[in-house]
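Consider the two complexes below, in which chain A is the common component and chain B and chain C are the respective partners.
Our next item is the complex of A and B:
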């Protein structure tokens, strides 16, 4: 195994991984699936079907081309299309026939466009859910040298990656090399945590059976948050990313192993992303396991399947560190839901005041001072928090883990970050509106001035003609008079 | 999941534990007076905190649980002389808790080190009682009951003993020359050594970082060395400065209070240097023999500005 240097900060956590099992458990078919239309990163996929339409498994039902596609996980009828902002989804009523769109032959990386990948519905499956096509588009501009396949599941419990490697290492390798060719990277490294000995063995065997020369396997020490993109790049390359610097700026493209697997599948036969592995665990879950779930599966079905009968439970999406409470019991499995935790309802320990002990600063992998951020945000001082580099916070929650006063710091930072984004957004919009307004004012002023000038000109013009007219009339009159006189005299003469 | 390796009251417990060597050493030299102070100051502090917490509409027990008040009271008790009127530690602890801590909003909100607020208030209000140090307990010939008799009737002419800094101050004011001090013979140097031991424990347990104590002691030693080299008859040696008075205690236990110190590492170094320089300046040219309390309070005042200057850098 190739050992690598460690990133700074972080916390040592017991992995407590949910054991893998083969074959991978599969959730029994459900009558209804609610396919989410929102992806992380604020994209909304426009529905392309209407209520009553018949759809096949894998059929595109929303998005595509400019937006990440969403596909029906099963064949059936479109029961409803909801487009309200937070709950946007398309509900499919399964017909139980499991009919799928026809498979297509494998595609070569050179013949595939970014939009094709967008249509395939791929998003980052490690929890962030960032649209894969957008990342690859950025990569295309940056020409990455190395592709890192992230199989570092640093949060305890979650074992989607281990399960995936145990089940289908072949497709992972195929996807990895396909993506390497697509991105133009010379080399591809699959990175594991050093405690994942089984996964390492399986991948090594699969790799030696294949002819992918450009792929290698490496490990990082078990230390949270080694799976975070920035920390992973630090651990592998040996140098930390500067604030605001992205892995691509260093020529490194990072992709989650689940994403790579889904991509491999799609490249092989055109199957879009319609299912994912979800680790179901927690102290109220009698049979912790990692199972395949179609995207859109109601969470309640998972709770029932694992046999959690406890009544008063809290549901969380994500692991024990970064997991967020699922406020909505009718929520559905999304593309970025790695883990569902079913926990017995517990009273949160009460936080006490910060004594600025600095434990959080020691643990922070981004060299921030969480106690200062906490101080600034307590006073609603967003500019102050920004000066203390709030935007650089990766919300890993290491500070929460070590805070002796049990202050929910990362929750506060998440709120602060979005408030800051909102503020910048409004400021930007206000600035844009101001520019527009100023331009309009200028335009109107210009128009007004032109109008006035025209009026003046016209007035001057008409005045001139009036005078001329008057003169001409006067002259005409004079001429007429003269002519009259002359005429009479002439007439007199003629007559 | 949220189970940090240590909680706030555990941090405070470690600080209390680190005070133990100095407390024992003080009791060894100065006898039961120290014990009395160590009982009276915390009792007064906890009672005041309970009253103010109730007035502020907070549960009185919640602030007892975090031990921070206890730490402040004990540091105050170990700062004042061993034989004092009984009301002195009571008033000092009350000021420390009420004015130094609760009026600012309690734990984590105080801009000044509460123990030093209490101590400085005593120092300026009762200059005699806070600067009159007796000789070692065994040499005073006093009994425990004497501690409860009228302070003013004690045979002070017989039992008082000037501290090194006091003696230096007096000598210089009288126009005399300084002679090298026999530090080994001074209880204060032994107590300072005990504080050093406690400080090393705090460093080892990473309750404190090295930045403030190191820069503070370095600044004191540097200032003292420069002036000692210039004129050894008017300025005491660096060793004297470091190992007398409250210098070591201040470096490891007072200036490192994270609530009232800056958070940024570079700011902490500037903070420590500032305190060190101020200690030396107050000792050498001020009217008080020791300057740790005032130096810390003055730099506490500068801590927010330092944090502001260094923000965004780590």
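Our next item is the complex of A and C:
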């Protein structure tokens, strides 16, 4: 095992992992699946099917080419297509036949384009759900030297990676080497936490049985949030990323192990991403386990399957530190849901005022001063919070864990970050509107000036002819007078 | 005598330098107007009874207008103006309209007769079209000022709430 340096800050948490079981439990088939169409990063996959269409398992039903694809997890009929902004989904009614699209032969990395990967529906499966194709497109411009496969599940409970390694290490290695060749990286490192001894053993054995020379396995000490991309790169390369710097700027491409597995599957036989491992746990879950769930499975089916019968439970998506409450009871499993927690929430003691102990600043892996951010955000001072580097907060929640006053800091920071983004967006729009308004004013002024000039010219033109006319008339009168004088000199006197 | 002469010369030199500097580094316009303009939402909706955000900013700088005449800026806008101008925070004047979420104009293209009246009314050139041809709103550029509504002879423009910024 190679020892690696540690990142700064962070908190030591008990892993409390859910035990792996083989074979991996599978959720029984469900009558309805609601495949979500939204991916993180504001992308929305356009539906490609209509109500009543018959679809096969693995068939593309939305997105593709410019947007991440979504696929039907089962064969059946399209029951409804909802395009409402925040809960866009396609509901598939399963016919129970489990028919799939035909498999295709393995593809070589050189013959695959970014759009093919987008169509495969791959997104980051570690929780952030960033479209994989977009990341690889950026990687193509940056030419990464090293590929890091992130198998560091630093949040307690979540055990998707361990389960995946136990079940299918071969496909993981195939996917890792495939992705290494695709991205042009020289070397690939699979990173684990040092407590996951079993996973390490399984991977080492699988690696020695294979002929992938460019892959190695390393570990990082168990310390939250080692699985965060920035902290992982710090731990492996030994130097921290600067604020705003991405791993790709250092020549490192980081991919989640679940993503790599899904990619390996797709490269082998064309199976798109239609299922994922979900750890179901929590204090109201009698049988904690990690199981395969088709994307779009109603969360209620998972709750029922694990035998949670308590009535007043709260559902959370994600681990105990960063997990978010599932507000919608009809929610479905998405591509980035690694964990479903079924909890009976103990009443938390009230937060009290900040005593400025500075523990949060020590725990912060990004060298921020959470107490200062808290201070600024309490007074709604967004520019102040921005000056304290609020946008650099990774929302890991380390500050929450150590705060003796139990202040929900990261929640406040998340709200502050989105308020700041909204403000920047508004400012940008205002600046744009101002430029357009000014340009229009200028154009109207110019037009008016041109019009005035034309008027002036026309006036001048007519004045000239008037003068000429007057002169001609005067001359004509003079001529007539002279002629009269010459003709009748008498009449002159009469007149 | 020599001392007085020297002093007069120095004075003249300094005066000349100051005059040069004031010519060279002169600030064009009132810098306060720019600062006020930066706070205003730039919807150019004219709800403040001035023909745009900049004229309102000028009126504010000259002390001719109240700070509560800008509904799109909302209460936070009033607060920011009060802080900048050292005035008292006062509630929005409902005579100029009420603060609401940002809106976006949408043209019902089937009804539009192509009169170009809305195009002329739009303060930010966000409407596209030509005479006797259908018009449409460039959603990204629309500020939701509603100035295109009154001139439309067939009432085919509708205001819808603009969707927020994507996270």
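In this section, the second predicted complex is superposed on the first by the 441 of 495 C-alpha atoms of A that agree within 3 Å, B and C clash if a C-alpha of one lies under 4 Å from a C-alpha of the other, contacts with A are read in each partner's own complex, and residues count from 1 in each chain.
In this section, a contact is a pair of C-beta atoms (placed from the backbone, for glycine too) under 8 Å apart; a residue touches a chain by one contact, two chains touch by 3 or more.
Values in this document were obtained by computation on a predicted structure and should not be read as measured data.
Novice: Look at A:440 in the shared chain and tell me whether it touches chain B only, chain C only, both, or neither; answer first, second, both or neither.
Specialist: second
Novice: Which of the two partners, first being chain B and second being chain C, lies in contact with A:421: first, second, both, or neither?
Specialist: A:421 contacts chain C only, not chain B.
Novice: Of the partners chain B and chain C, which touch A:186 in the superposed model: first, second, both, neither?
Specialist: In the superposition, A:186 touches no partner, neither chain B nor chain C.
Novice: Considering only touches as defined above, state whether A:359 meets chain B (first), chain C (second), both or neither.
Specialist: first
Novice: Have a look at where A:387 lands relative to chain B and chain C in the superposition and call it first, second, both or neither.
Specialist: So A:387 only meets chain B here.
Novice: Is A:432 in contact with chain B, with chain C, with both, or with neither (first, second, both, neither)?
Specialist: The answer is second: A:432 touches chain C but not chain B.
Novice: Please determine whether it is chain B or chain C that touches the greater number of chain A residues.
Specialist: Of chain B and chain C, more residues of chain A lie in contact with B.
Novice: Quick one: in the complex, what on chain B touches chain A?
Specialist: Per the touch definition, chain B meets chain A at residues 1-2, 4-8, 10-11, 62, 66, 68, 106-109, 206-207, 209, 258-259, 261, 263-264, 307, 311-312, 314.
Novice: Under the touch definition given earlier, write down the residues of chain A that touch chain B in their complex.
Specialist: 320-321, 349, 352-359, 361-362, 367-369, 371-372, 384, 387-389, 400-406
Novice: For the complex, which residues does chain A have touching chain C?
Specialist: Residues 42, 85, 418, 421-422, 425-426, 429-434, 436-437, 439-441.
Novice: Looking at the complex, which residues from chain C come into contact with chain A?
Specialist: That would be residues 37, 40-44, 52-54, 123-126, 141, 143, 163-167 of chain C.
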